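The structures come next, written out as C-alpha cells.
Look at the two complexes coming up: subunit A is in both, with subunit B in one and subunit C in the other.
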Partner chain A sequence: MSSIPKSRKNVYTGLLFLAPNIIGVLLFVVFPVVLSICMAFTDWDLTKNNRYKADPDLNFIGFENFVRLFTEHEFTQYFQNTLFLMMGIPFGMGAALVAAILLSQNPKSDSAKAHKWLKMCTFGLLSVVLGVSIAMLFVSGYNGAGMMVLLMCLISGILMFGVLGGNTVYRTLFYLPSFTAGVPTYVLWKKLYNPRTGPINTTLTPALEKLSAVVDALPIWLFTSCRWIGFGLIAALFGYGISKLLKMWRDGEIGSVAMLPTMLALGLPILLALKWSYTAGVSWALLIACAIILTVLVVRAVKAKRDFTCAGFDGFGSGILLVLGLMVLEFIVLGVSTVLTNLPAMVSDPSDPGLSAPDWLGSYEWAKPSMMIIGFWAAIGSNNMLLYLAALTNVPKQLYEAADIDGASRWARFWNVTWPQLAPTTFFIAVMSTIGGLQGGFEMARSLTNGGPAGATTPISFFIYNEGFETGRLGYSAAIAWVLFLMIFTITTFNWKFGNRYVND
Partner chain B sequence: MSMINTQVEEVHVHEPTPERDRRQFIGKTGLHILLACISFMLILPFVWMVLTSLKNLGEVSDPSWLPGEAGWQWSNYLAVFEKIPFATYYWNSLLIAAWVTFLQVFTSSLAAFSFARLKWRGRDKVFFLYLATMMLPGLVLMIPNYQIMITLGLVDTMTGLILPAAFTAFGTFLLRQFMLSIPSSLDEAAEIDGASKWRIYWDVILPLSRPGLITLTIFTFLGTYHSFFWPLVMLKSEHKYTLPIGILSFSSTSGQETNLLMAAVTMSVVPLIILFVVLQKQLVAGIQLGAVKG
Partner chain C sequence: MHCFACQIVNTLLRVIEAMKYIFLIVAVVLGILSGITYMRFPDQNTDVPVIYWVTDPNPARKEQIAAFTKWQLKHGHVTADGKPVVQIKVDAANSSTGKKIIQSVSGVGGDTMDLFNGRHIRYFNDIGILEDLTEDAKKMKFDLSQTYAALESELFVDGKQYAFPCNLTSFMYWVNKDAFKAQGQPLPPKSWTWEEFERMGKAFVGAANKPGETRLYFYADTVDRTQMHRSLGLSIFNETMTECTLDDERYVKTLAKIYQWMFEDQIIPTEAAILAFNTESGYAGSTPQLLYRGNFAMIRSGRFMLIQFRKFEKPMDLDVAELPYGEFRNATIATRAASVYVGGKNKELTKLFLAFLASEDYNMHLVKDADALPPNPKYAETEEFRRPKGHENEWGTHERFYEQANTIAIGSVYSPFVMDITVDRISKRWYEKVINKMSSPEEAATMTKKLIDREIQRTLHEKPWLNEDYEKSVADQKKIDRLKAEGKKIPLSLVRNSFYKRYYKEMGMAE
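The block that comes next holds the complex of A and B.
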C-alpha cells in the first residue's frame, strides 16, 4: 500500500474524474452566478463603464435596481405579457393529452375482418381520389384544380400510411412541429401570418366576407342572447367547480388553505369578463352571490364542528388540476360568446364595414394570440404528448377491467380511472411548463416581432436581453434575471413540497 | 382457437361476431380519419413552405399554393447558396453541435461516474452544488458569461460559442441517475480482477450506460443545433453564423424574397425531419427517460 491514506486517495480519484467537468462548471456556471449577484447590486452600465474607459465608474447601489424594477411600469407590462402568453399552457397541455389519448388507441382492430375492411376501404378511397383528381385536372386544368387535388391526395396518402403503418406514422407527423420548432419555423410562421400575402389571410378574407353576409341577414337578438348564454355557461362551470371543490373539502381530500387560491383562480375568467364586454353590474352581482353562498357553506361547515381530516395544504395538486381544466372551458366559452356578441357591431362598423382578417403579428391585440397559436401548434405533438403517451400505457389494465365490470361509461372511465392515474404526469408537466413559460418566449419574440408592436410581445426574457445586450445596462438586467430566478425558485420549492406528496397518493 | 377454448372463455373474450366486426370497423375508421385530419392540419405549414420555396417570386402572393405559369423553380435552392453562405451556416452549426456534444457527453460521463460509482468524502456536498445550479435559468448566466468572454477575448469565436454550452450539470445529473441503476456487483467483480478505476469506467460502466449516453447525445445535439440566444449575442461576423442566426439575418435583410427564404427554411428543417424519422425510437425512449428523473 502506498503512503497516502486510502480515504485521501479516494478523494483524489473522485476529483480527478470530476475535474474536466467541474472546471467548466466552475468557470462558466458558478463564477458567473457569483458575478451576476454582484452585478445586480451595481449600476454597471456599458456606456459609463467599459474596458475602453480610463476611469471606470462603477458603484454599489444596494437594492436600487430592484426598487426601480417594481416602480417602473416596463417590468409590470412585460411580466403581464409573459403571464398572458402562459395562458396558452393549459390549452397546449389539454391538446397534448387528447393527442396522446387518440394515439394510445390501437388503430389496428383486434378483429382481422374489420382490419381487412379498413384496408380495402382506404385503398378504395385512394383510388377514387386519384381518379377524381385526374378527372378534375382534365376538366378544370392545373391552375383550377391543382391545389385541391394536391391536398386531397395528401390527406388520403396520410390515411393510407396510417392504416398500413399504424400509430408510428401519426406520432411522427404529430411530433414534427414541436421537433422542428425554432427560428426557421418561426420565420415560416411570420410569412404565414403576413396580413396581405400570407396564406392565412388569403384564405380567411373570402370566408369572412361570406360570414358577414350571413351575420347581416340574421336577426340581431340572436347575437345579443349569446352574451347571456355564455354568461350562464360560465356561471354553471364556476358553480360546478366550486361545488366540486367544496365536496372534496368536505370529504377531506383537500385542505382549507389549499382550497382558497384554487377557488379564486376559478373566478379569474369572470373577473376578465368584467374587463371585457360583459355588463359589469351582472358580473358583480354573480360574484357577490357566489361569495355569499361560499360564506354560508363555510360557516355551516365550521359550525358543524366537523373534524378537519387533512392538513391545510393537502390536495393542492388535485385542486389545481381540476381548476385548470375548468378554467380552459371558461375561457373558451368567454372567448366564443364575446366574439359572437360583438359580431353584428363589427360587421356594421361604419369606418370598416364587413369583417376583415386580423393584422396578426402587426396588431397590438392580435400579436400575443398569434404567438399562442404557434405555441399551440407546437404543443399538440410535443414532448408532453410523449410523456402522456408513456403514462397512458402504464395505467394498470386491471383498473379498466374493474371499471368495465362496473359498467362505467367511457366518460366515467376517463374521469375515474385515467385522469387520476395521469395526475402525477399532469402535475409534472404543469410545473415544468410554468417554469419554461416564465423564462421562455425569447426566440419567438426576437424572430417574429422583435418585441413589438409597442412592447406587446416582449416577455421578461426579451426584456433581460434588451437591457443586457442592447442598451447595455448590465446591473439592471442582472437584477431582472434574479427576480425571474426567485419566481422559478418559488415554483420549484412548491413542486418539491406538494408535487411528491401528490405523486405518492 | 379450438371450440372448447372458445366455450370456456366465452364470458371474458368477446367473440368475433359480425355485429362486433361492424362496430370495430366503424370505430377504427373514425379514429383513423380523426388522426389523419389532425396530422394533415399540423403539417399544412410545411406543405406551404415547400410549395412556396418552388414558386417564382412574382407568384409568391397568389392565393393558389402551387407554382403557376412560371413553373416549378428548383433553381431557388441554388439561388439561396449564391445569395448567402448557407453551406457555411450548416457547417458551423454542425461543427459547434458536434463539439458541444462531444465535450458534454465525455466530461459528464466522467463526472457522473465519480458521483455514482466512487465513494469519496464530500462527494454528496459537491453533488448538491451541481443540483443547485440546475435550477438557475440560463438567462441569469448569459450577462456575466458575456463579460467573461470579452475578458477572455473569445467574443465572435467558435471557442466562445462552444465552451459555456459544453459544461452543464444537467448531463452529469442524467447520466448519474442512469449509472446508479447499474448493479454494483459488476464493478466490484472488475475490481477484484484488478481493474483500475479507469478500466471500470471505460470497459464496464460506459458500455452499460449506452441508452443514457444516446439520450444525452441526442438532447445536447438538438439543443445546440436549435440554440439561439448565445450565438445571437456572441457572433458578429457573417461567416461564423450558425443556421438559426443565418436564417434570421436572411429574413431581415431580404425577407421580401419569400420563395428564397422558404427554400432556406426548408433546407434547415428537412435534415431535422430526416433525423427524427431515423432516430425516432431512441428519441421517444430518451424523452421518456429524461423526464422520469424530474
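The block that comes next holds the complex of A and C.
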C-alpha cells in the first residue's frame, strides 16, 4: 500500500468521496435515461413485459410509437393545452420583474422623497381598497362579497405591515407561493374558484348583474362598433409592427429571410380571426386592410432600398421579440372586441339570460385560463422574482448616475439602463420557464380537474403518466416523453442561438 | 487585506479538513436512524407474520381488522401460544391504481389489494400480479357460490377467480322523504320510466325553485349513462365484444336525454352546479349533506351511504327508488374486491383473510355498520340486515338494495380486445363534450364508436395472440347478426357480452 504514490492515493480518496454521488447519478439518472430511449423504440407494455411474466414479449418496433403519436388527435390536443398554459409565461415574467423592482425599493434606507412617495402610495391604495370593498358590499347587498372584503382587508394589512416593517416582510410574502406545497395551494384555489360560494364569483356575480342591466340599456350599435374598432386597432398594431420590422431591415438589423417568419407571426391573430366562429364571417375586412397595409409598406421599403445589409437570418431574435409582444396585444384586442361585440347577445340569451360568472374549472372554455391564472399567480413570487432581485442589485450605480446627469426620466432609466442590464437574467428565466412550462402542469391538472373537462386541461406530462400507468404502455409513454424532450431541446437551442445573441448585443 | 484573504482561505481549508468527520458523523447518524426505522416496522414488533391491506381510508377498516383478529381466535387460526396466526395492517397511502401497479411490478406490492370491479381485476391480471384463487377459493369457501352471481364478470377472468368482494353495491336513488313533503310532491315509485321521472322531476324543481333565479334544488344528483342506454337494449359492445356499438340512435337518445334533463328541464344539476355545491369534502363527498339539506331530493348511491347518513344529528326519513329506465328495467352492480398479490411473502395467510370476507363474522359486521351490501347474500336475508335496531328510519330500504342486486343488476361488460380504462376515457371525454356543448350527441356517438374500435385494432396489433380469438368471435358475430336479421332466436353459447346474455333471456330472444 505504501508503494502507491501520494497523488494517486489522493485521486482514490477523492473518488471514494465522490463515489456515492457518481453511483447515484449513474443509477438514478443515466440508467433510466438510457433505458427510456430504448423503451421508446419498443412495444414495452406492462401487460406483456414485467418481472412476473414468465414469457416476456418485447419487440423493437422502430419509429412506430412516434408515428402513432403524431397521427393521434389526443397528442395534438394535449400539446395545444400545454402551449396554451405556456402563454402565461411572458406575463408571469413581467409580473416577477415588477415585483422584484418593487421589492428592491427600501422605504427605510432610500431617500426621504422615495419614502414619502411610498407612504402616499400605500395610503392611496388603502383608501382605494377600502372604497372598493364598501362599494362591493353595497352592490352585493351585504352578502357574498364578505370573503372578498376580508381578503382585501388582509392585503391592506399586509401593505401597512410592510410599510412599517420594511421590504423583508414583502419579500417573504411574495416568495410564499414558492415554498408552499403545490397541492394545498391548488385546493385553496379550487375553493376560490367555486362557482357559487367562491369569493371570486360572489364578487363577480353582482357586478355582472349590474353590467347586464347597463348592457341592456345601451344601444346595440355601440357594441357592434366595438368589433370594427378592434379590427382597426389590430390593423394599426399590424401596420406598426411591419413598419418597425421594415425599418430594422433597412437599417441592416434584420435579414430578409428572418423577416418572413416574423411577419407571419404578426399575421397569426388575423388568421385566427378568419377561423374563429365568432369572427369568421366579417374578418375578411381585417384581412383586406392588413394586406393593403402590408403591400403599401413593403413596396415603399423596397423602393427606398436598404441603407445597410446583413445576412439573411440575422436579427431574427430581435425581430421575433418585437413581434411577440405585438402579437399578444393583437390577440388581446381581438378577444376583448369580440366579447364586447357579443355582450348584448349574451345578455339576452333566452336559455341563460344575463351575464353569469364563469364556471372556472368546470367549463371547457374557462378551465385552461383558470389554470393559467394560477400559474401567473405562482410566477409573480417565484424564483424568477428572486433572480430579478439579485440581478437588480448587480446593476452598476454609475450607470444610473450617468443617466441622472443626462436628465433621464424614471422610464428612460428603466428602459435604457435597467432593462438592458437585466437581459442575461431575462434570457435565463425565459429559457427555464419555457422548459418548466413544457414539462409542467401535471400536479395542477391532477389536483384541480384530473385533466378534464373533455381533456381541456390535460398537459403532455399528464398524458405521459396516463399512458404509462393507466394503460401500461410504457414504450409509447417513453416515446411521448422523448418527443417532449426534443421539443424542449429545440426551443432551448433556438433560444440560445437567437435569444443569447440578442442578450449579448 | 492580504491577511484577511489568507484567514478566509485558512478557515475554508480547516472546514474542508473537518468535512470527512462531518461525513462520518452523518453516515453514522443515518445508519442509526435506519436501524431505528427498521426496528419500528410492524413486522418487527410481532412474532407472527404481518400482511398489508391496500385499501381506502374508511374509518370502518379499523373495526374490520379487529373482527379479523377475533375471527382467527374463534376459528382456531392460532399459533402454539394461542395468538392469531397473522396480523393485518391497513395501507391507505398507496390505494391509487398507479401506486398499486408501480409497487407491484417493482416487487413490493401490498399482500392484499382492494380492486374496483372487473376493470382493475382484468388490468392487474393482464400485468400478471394477481394470484389465481380458483382452487383455494373452493377449498376455503370464498368462491362464487358465496356471493352474487351477477359479480362473475367482476371477479373472474377466463373462468379463473382473482378476487373476492369486500362489499358490493347496486346503485339506487336514496330518497329524502322530507324534501318531497316540503315541496308537496309525491314520492317516487319503486321503479319508473324516463317519462315518469321527467314529469315528476319537472314538477318538483318547479315547486322548489323560484322562477328566474339560479336553481338550488334538483330532483336527483345524477343519472347513470350506462344504465340508461342499457335500458334501451344497447350495450357498449356487440354480443361478441369485437366492436363498439355506441353509434346507435339509442345512445344518441341517451345523450340527448341527459342533456335535456340537465340544461332544458334542469332536473339534474350540471357539472358546474355540482362543483358549486362542493364546499365540503370528505368520505363520499358532499352529496349526503346536500340530500340532507334538500338541495337534492334524491342521490344515486349505494347502501354504504348510510355510514354518512347515520352521522347526522336528526335522522332522515329515507326511501329508495330504482334508476329510471327506457324500456328494459336494469341496474348496474359494482364491487370493491380483495385480491392477492402474486409476489406476496404470505400468500396463504392472505387467502385466510379472503376466507374471513366470506365469513359470518365479517358479513354481519357489514350488516351492522352498513358498509354497502355484505358479500355473502345469505346475510342480507337476516332480520338484523332488514331492520337494524336504532335505525328505524332506514327500514324498508336495506332489502331493496339486496333485491335489486339479486334480480335486475347486471355486471359490467369488458371486452378482451380493449382495455376498459381506455373505453371509459373515450366515452367520458365525448360525453363531456356533449354536456359542454362542444359536440352534438350524434357526433359524440359516432366518435366514441370510431375511437373505441380504433383502440380494439391497436390492441390486436400489439397483442397478436388475441387475433385467433378475435377472428372466431367475429365469425360468431356474423352468425348472430344473420339470426337477428332473420328474426330468429340467438344461441347464448355464441354471446360473450354479459348484458346481452341477460337481455336476450329476459326478452325471450335467447335460444
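Here, the second predicted complex is superposed on the first by the 317 of 505 C-alpha atoms of A that agree within 3 Å, B and C clash if a C-alpha of one lies under 4 Å from a C-alpha of the other, contacts with A are read in each partner's own complex, and residues count from 1 in each chain.
Operating definition for what follows: a residue touches a chain if its C-beta (ideal position, glycine included) is under 8 Å from a C-beta of that chain, and two chains touch if they have at least 3 such contacts.
As the structure is a prediction and not an experimental result, all values here were calculated from the model.
Subunit A has more of its residues touched by B than by the other of subunit B and subunit C. Contact with subunit B, but none with subunit C, is seen for A:Phe174 once the two complexes are overlaid on the shared chain. Of the two partner chains, both subunit B and subunit C are touched by A:Phe469.
Of the two partner chains placed by the overlay, neither subunit B nor subunit C lies in contact with A:Ala345.
Residue contacts after overlaying the shared chain place A:Leu361 against subunit C, while subunit B stays out of touching range.
Legend: residue contacts after superposition of the two complexes on their common chain; A:Gly452 is shown touching subunit C, with no touch to subunit B. Within the superposed three-chain model, A:Asn21 lies in touch with subunit B and out of touch with subunit C [touch as defined at top].
After overlaying the two complexes on the shared chain, residue contacts for A:Thr197 are found with subunit B and with subunit C alike. In the superposed model, A:Val67 makes contact with neither subunit B nor subunit C. Of the two partner chains placed by superposition, A:Leu83 touches none, neither subunit B nor subunit C. According to the touch criterion, the shared surface of subunit A, contacted by subunit B in one complex and subunit C in the other, consists of residues 17, 51, 191, 196-197, 465, 469. Within the complex formed with subunit A, the residues of subunit C that make contact are 20, 23, 97-98, 101-102, 105, 107, 123, 126-129, 214, 263, 270-273, 275-279, 342-343, 419, 421-422, 425, 429-430, 432-433, 436, 438, 462-463.
Against subunit B, in their complex, subunit A makes its touches with residues 7, 10-11, 13-15, 17-18, 20-25, 27-33, 35-36, 39, 51, 99, 102-103, 105, 107-115, 117-118, 121-122, 142-143, 146-147, 150-151, 154-155, 158-159, 162-163, 168-177, 179-185, 187-192, 196-197, 199, 202-203, 377, 380-381, 383, 386-387, 390, 428, 432, 438-439, 442-443, 446-447, 461, 464-465, 468-469, 474, 477-478, 481-482, 484-485, 488-489, 492.
Residue ranges on subunit B touching subunit A, taken from their complex, read 16, 20-22, 24-25, 27-29, 31-40, 42-43, 45-49, 52, 60-61, 63-66, 68, 103, 106-108, 110-111, 113-115, 118-123, 126, 129-130, 133, 135-148, 150, 163-164, 166-169, 172, 197, 201, 226, 228-229, 232-233, 243-245, 247-248, 251, 258, 261-262, 264-265, 268-269, 272-273, 276-277, 280, 284, 287-288, 291, 294. Remark: subunit A residues 17, 43, 45-48, 50-53, 191, 194-197, 351, 359, 361-364, 452-455, 465-466, 469-472 touch subunit C in the complex.
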